[in-house]
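Chains here go by letter, A, B, C and D, matching the order in which they are written, and residues are numbered from 1 within each.
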Amino acid sequence: MGPDPLDVSIVGGSGYAGGELLRILLRHPRVRVKQVTSNRCAGQPVAVLHPNLRGLKPLSFVRVDDLEPCDLLFLALPNGASMHDMDGWMAKAPKIIDLGADFRLRDKDHWKRWYGSEHARPDLLSRFVYGVPEIHEDEIRQANYVAGPGCEAIVSILSLFPLVKHRLLKPSPIIIDAKMGSSQAGRTPSESSHHPERAGAVRSYKPTGHRHAAEIGQELGGLCPNLSLHISATAIEMVRGLLVTIHAFLDDPETDEKDIWKAYRREYGGKPFVRIVKQNQGLYRFPEPKILQGTNHCEIGFEKESAGGRLVVLGAIDNLVKGTAGNAVQCLNLMSGFPETEGLDFPGLHPV
Amino acid sequence: MGPDPLDVSIVGGSGYAGGELLRILLRHPRVRVKQVTSNRCAGQPVAVLHPNLRGLKPLSFVRVDDLEPCDLLFLALPNGASMHDMDGWMAKAPKIIDLGADFRLRDKDHWKRWYGSEHARPDLLSRFVYGVPEIHEDEIRQANYVAGPGCEAIVSILSLFPLVKHRLLKPSPIIIDAKMGSSQAGRTPSESSHHPERAGAVRSYKPTGHRHAAEIGQELGGLCPNLSLHISATAIEMVRGLLVTIHAFLDDPETDEKDIWKAYRREYGGKPFVRIVKQNQGLYRFPEPKILQGTNHCEIGFEKESAGGRLVVLGAIDNLVKGTAGNAVQCLNLMSGFPETEGLDFPGLHPV
Amino acid sequence: MGPDPLDVSIVGGSGYAGGELLRILLRHPRVRVKQVTSNRCAGQPVAVLHPNLRGLKPLSFVRVDDLEPCDLLFLALPNGASMHDMDGWMAKAPKIIDLGADFRLRDKDHWKRWYGSEHARPDLLSRFVYGVPEIHEDEIRQANYVAGPGCEAIVSILSLFPLVKHRLLKPSPIIIDAKMGSSQAGRTPSESSHHPERAGAVRSYKPTGHRHAAEIGQELGGLCPNLSLHISATAIEMVRGLLVTIHAFLDDPETDEKDIWKAYRREYGGKPFVRIVKQNQGLYRFPEPKILQGTNHCEIGFEKESAGGRLVVLGAIDNLVKGTAGNAVQCLNLMSGFPETEGLDFPGLHPV
Amino acid sequence: MGPDPLDVSIVGGSGYAGGELLRILLRHPRVRVKQVTSNRCAGQPVAVLHPNLRGLKPLSFVRVDDLEPCDLLFLALPNGASMHDMDGWMAKAPKIIDLGADFRLRDKDHWKRWYGSEHARPDLLSRFVYGVPEIHEDEIRQANYVAGPGCEAIVSILSLFPLVKHRLLKPSPIIIDAKMGSSQAGRTPSESSHHPERAGAVRSYKPTGHRHAAEIGQELGGLCPNLSLHISATAIEMVRGLLVTIHAFLDDPETDEKDIWKAYRREYGGKPFVRIVKQNQGLYRFPEPKILQGTNHCEIGFEKESAGGRLVVLGAIDNLVKGTAGNAVQCLNLMSGFPETEGLDFPGLHPV
């Protein structure tokens, strides 16, 4: 490695997204992790909270007040927390990747409608690029500020984008039935995350009204004005992982599976982290989050119903990697001129 | 107990449905289990295959050739196996409950289309009553021959019947997204049931083309001619249990949740095994298969989307009880003039 | 049922032991559940916390101050909580079964050593019978006050008692390696019970210093003065269930497995809830907590090492049933002159 | 990378150990995977069986008859299979690492006693080095032939070696209570691996008579002649991972935990893959296989009982990595003069 590494700090490093950023960045060949903040755990080694990191590198949490300037800052804070201090964050680093929801929506009224409060910094909304590298690569390369998508949002957007763009689907209805793991709800214990209650649950946690519909609509709505999206999310026995089963209808019921293939190939042909999975042998014929744990891949598959024109699209990711931290590092790579896959080459485990 | 108990035998007692029948029937106060057949395990105590029964009652498998006459015969055989010997079964018992698929469809052409072979006994199709006690109680009380529904079918039918009957839904599309456990695939080991592969899987096992669509269409299609049903089934980490997330659209988007409640109340008011679940507190606000393990309950819940008219209906059962063996015993109770709930009063465990 | 039912109340009904008592008692043919207290949840239906009970019987929590006199009182409180108010409890009911640890040890110094505080009521210690019905049946039948054993304690005591009594084992060392589920830690969420952390864990939660050693020593030490017991407990992926793998050494290495059998048969011959499991076919050759969920059975098995005289004894229970609530109801049955198995006949599920 | 990569082939690449070798070797900077054999799957892409490898590199299985010469050959065959063709394997490659049991024991009588057949090539037993790099580093560096240890063996040996070497333990008894995952039983489906049976099991699969006792005795017996080792293995709900809870007794009960630390430090001070874990804060105070999935680490911890001199030693690994494939690549690195950690730097995931 010739040049100086990029100095990167993480605000809010005690959560699962922060831990996953650390796992990836501590082994990223062009990055130096400068600081990780956690007011609650200041002074403690990061490995107390992220035990997979023990022995990797001595690093302890610092208070957020002790944050120093750096080249790029990750914000891994609860929704609604980053926008209030954005001037402060911007003073610390020329580039920011925010993993929370605050700067995902471009319309402050959408924010209010879905998150229930006035947006604190509507003036900054247009300065953040929505961080889907497979769709906004050029903008991300130029960007100083990137908003990382929600995990249901990114997997749904990647699964639907080529089909919507090429007008293969009827705009209504498109139903996203998401199956999610427990890590998505974050690190704070609650009755609903208590193991005896959560283990083996098939909990209809959000049958309607899922906030990520706003992001997906923003990304895909421009391609197809009358798009009508519906999300239901079910929490299942799983820690990491997310599968969306998308039920949609072909605009032309005669469209065949080869045409679907072509649309995906055209959009994702050279994309290193999108994998179209539709095998006719083996147990893993469709996308499977189980084998994606720890990887930055998004697997996409589909099956057309023999009659009636329904197309079932399947999208799978690790919610903490392609759904959060890995995708953010992919954005960092683009923003910094590094190879897109740097630090993100873990292929996943099987069986697991 | 005054009168003689009912003598009941089970053909195909080595599988999970057979074991569950035994668990229920061996403690049913009005039933005596006479024989249980399994050619492969003849001579072995039933507790070798069904270890929960050890110590309960000495009973060993017999060969099917040794089957004696009895009052009521359960057939717990693979799909397509019972129809070939139906004359023989009928000679053994005046009443038969078939847990397999052979006599569920009234139209032999539907059988051929969904099961891929000619039906061996189309002449008998009309003699079997489709065994949903909550809908066909009177017919089942009079019936000598009952066909037990498929597990995805019965939970979907119970979830949709009042809404379709009262014309609350648009007939198209109705999408059933089923989350299923591993016991549904039966007792025979295979690569797909191998623990390292199946554990933690979120396997899109039947994105389209699920056979139970035929049964559901048969039951509900008469109430609403243009019904368009679509099923996708995903195998998740669970042994017992089934949740269907049904995405449908209200015929009149102004229909409110109270109207939905009323329709369910009207149809299921006095039904002992249907529970409408829609709580505003606690962790179990919607139907949850986790707490139904071992019970004959079907829990049904719903949530209306704030805009767009989507209604999400949730239905949960234990696939081996209300989905198979328990529902069959409920039919036996009706066919025999016993109280409907006899032998089926286990309330389920929590936590589990 | 001829005579009036027994009026039973539960103090501390919001926890898992309380819920399990309710599940059993609400269907017990000779018991009427009069009141269930929970200050935190007063006024709420019990089914909000114990969802398996929904639809079973309308019953709401009351404040402990509203407790009325009854025939028998269950105390299901945290360790150290019942002793302070014992006069009050005794004023409410002539018979008490305490599920907590407060009155398990007869020696107040043992209490202090293991629980770290002075015992509040050493004068009452001798009035409580230690509730292992298989060993203290006659005393329990006469008792007004019973202390329910700890779950590791009861399964270990039942597994070892015949061997110690008949002097088949060397007194030292006897090592109890316990594998436990998450429900044992109770209902209160914590970092350690948070699903992403607890799921899939193999956590050495108590390698040494397990408190239940005190109870086991008290029960077995009288039979064999130099007994040296060691416990280690590991939390594994399981909600309900407990297996102890006990490593002991035969006093006479020539003792064969038949002699072991005989000792168990002699002590447990007519006991309805102890099952000696040692099969030479099938998958469930040894005790297995998986199939005991919801049952009051204790399964015991063993295998002698071909050389060296080690005997491995295996004991399995459902920690919430034979380990807590079911065993307490078994004591109630004895104390009340009911059949020992009343209300406790659920045989368990398979597969599950 | 200057010099030519090492050409490596794998015999028996369809199993889980073979898949794990591929995962590691396909990304090893100094290795080129030349061929992978599987007669059953010849012609199929490796990703059909190892779906985590899809997209990684096009590679298909070849028949074993088509095996070509290479620099180093891995044998990943069932126990007892490699020895019969050893001349053939030796003709293909100057260096061999056998992952099976055939060449682990130096004494052919031990082989016969534990594996039940005559050893086919006792003449070669002394030519294989037993592959524990932390103990036999120098021999492995010089070796042409290495036998990879069994997974229970290597974690037990690493956990006990410093304590036995420094005479800190009484030689008898030492009891190894192993908790194992389902991947250890390999890829072939069976009744015992059928998900409904295996899920949630706490199966006493080998209470006595575990074969790995032979290897452990061979390694440690030389350091302490009267060593008496006992193993019991319990299969728990887990796919990957192995924890051994070792119950031993201190030779001098006054030995304190610092002395234990010192012994471990002395032996494993500079060893990259052994981690002594004994924290006084956090949830992961002791070794935990959950966070080791995919890593080559062996975590070792311990706790001394307050009285009686018992020392509980805990050892955790991923059975497919440090227990099999990763450890074998570590041996390859030593045999080839590569850095010991090359290709083995994955730190593991949390939460998972």
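Just a few scattered comments:
Definition applied: a residue touches a chain if its C-beta (ideal position, glycine included) is under 8 Å from a C-beta of that chain, and two chains touch if they have at least 3 such contacts.
Note that the coordinates shown come from a computational prediction; the quantities given were computed from them, not determined experimentally.
Any chain that touches chain B and also touches chain C is listed here: A, D. Counted by C-beta pairs in contact, the busier of A-B and A-C is A-B. Inter-chain spacing, taken between the CA centroids of chain A and chain B, is 39 Å. Rounded to whole angstrom units, the spacing between the C-alpha centres of chain A and chain C is 46. Shared interface positions of chain B, i.e. residues touching 2 or more other chains, are given as 16, 183, 191, 196, 199-200, 237, 239, 283, 288, 351-352. Within the complex, the chain D residues that touch chain C are 173, 175, 177, 179, 191-192, 196-197, 199-204, 207-209, 228, 230, 232, 234, 236-238, 241, 243, 245, 247, 249, 283, 285-290, 301-306, 308, 310, 312, 314, 316, 351-352.
For chain C in complex with chain A, the residues that touch the partner chain are 16, 181-183, 187-191, 193-196, 198-200, 237, 239. Residues 16, 19, 23, 26-27, 44, 48-56, 183, 239-240, 275, 277, 279, 281-284, 288, 291, 293-295, 297, 345-352 of chain B are the ones touching chain C in the complex.
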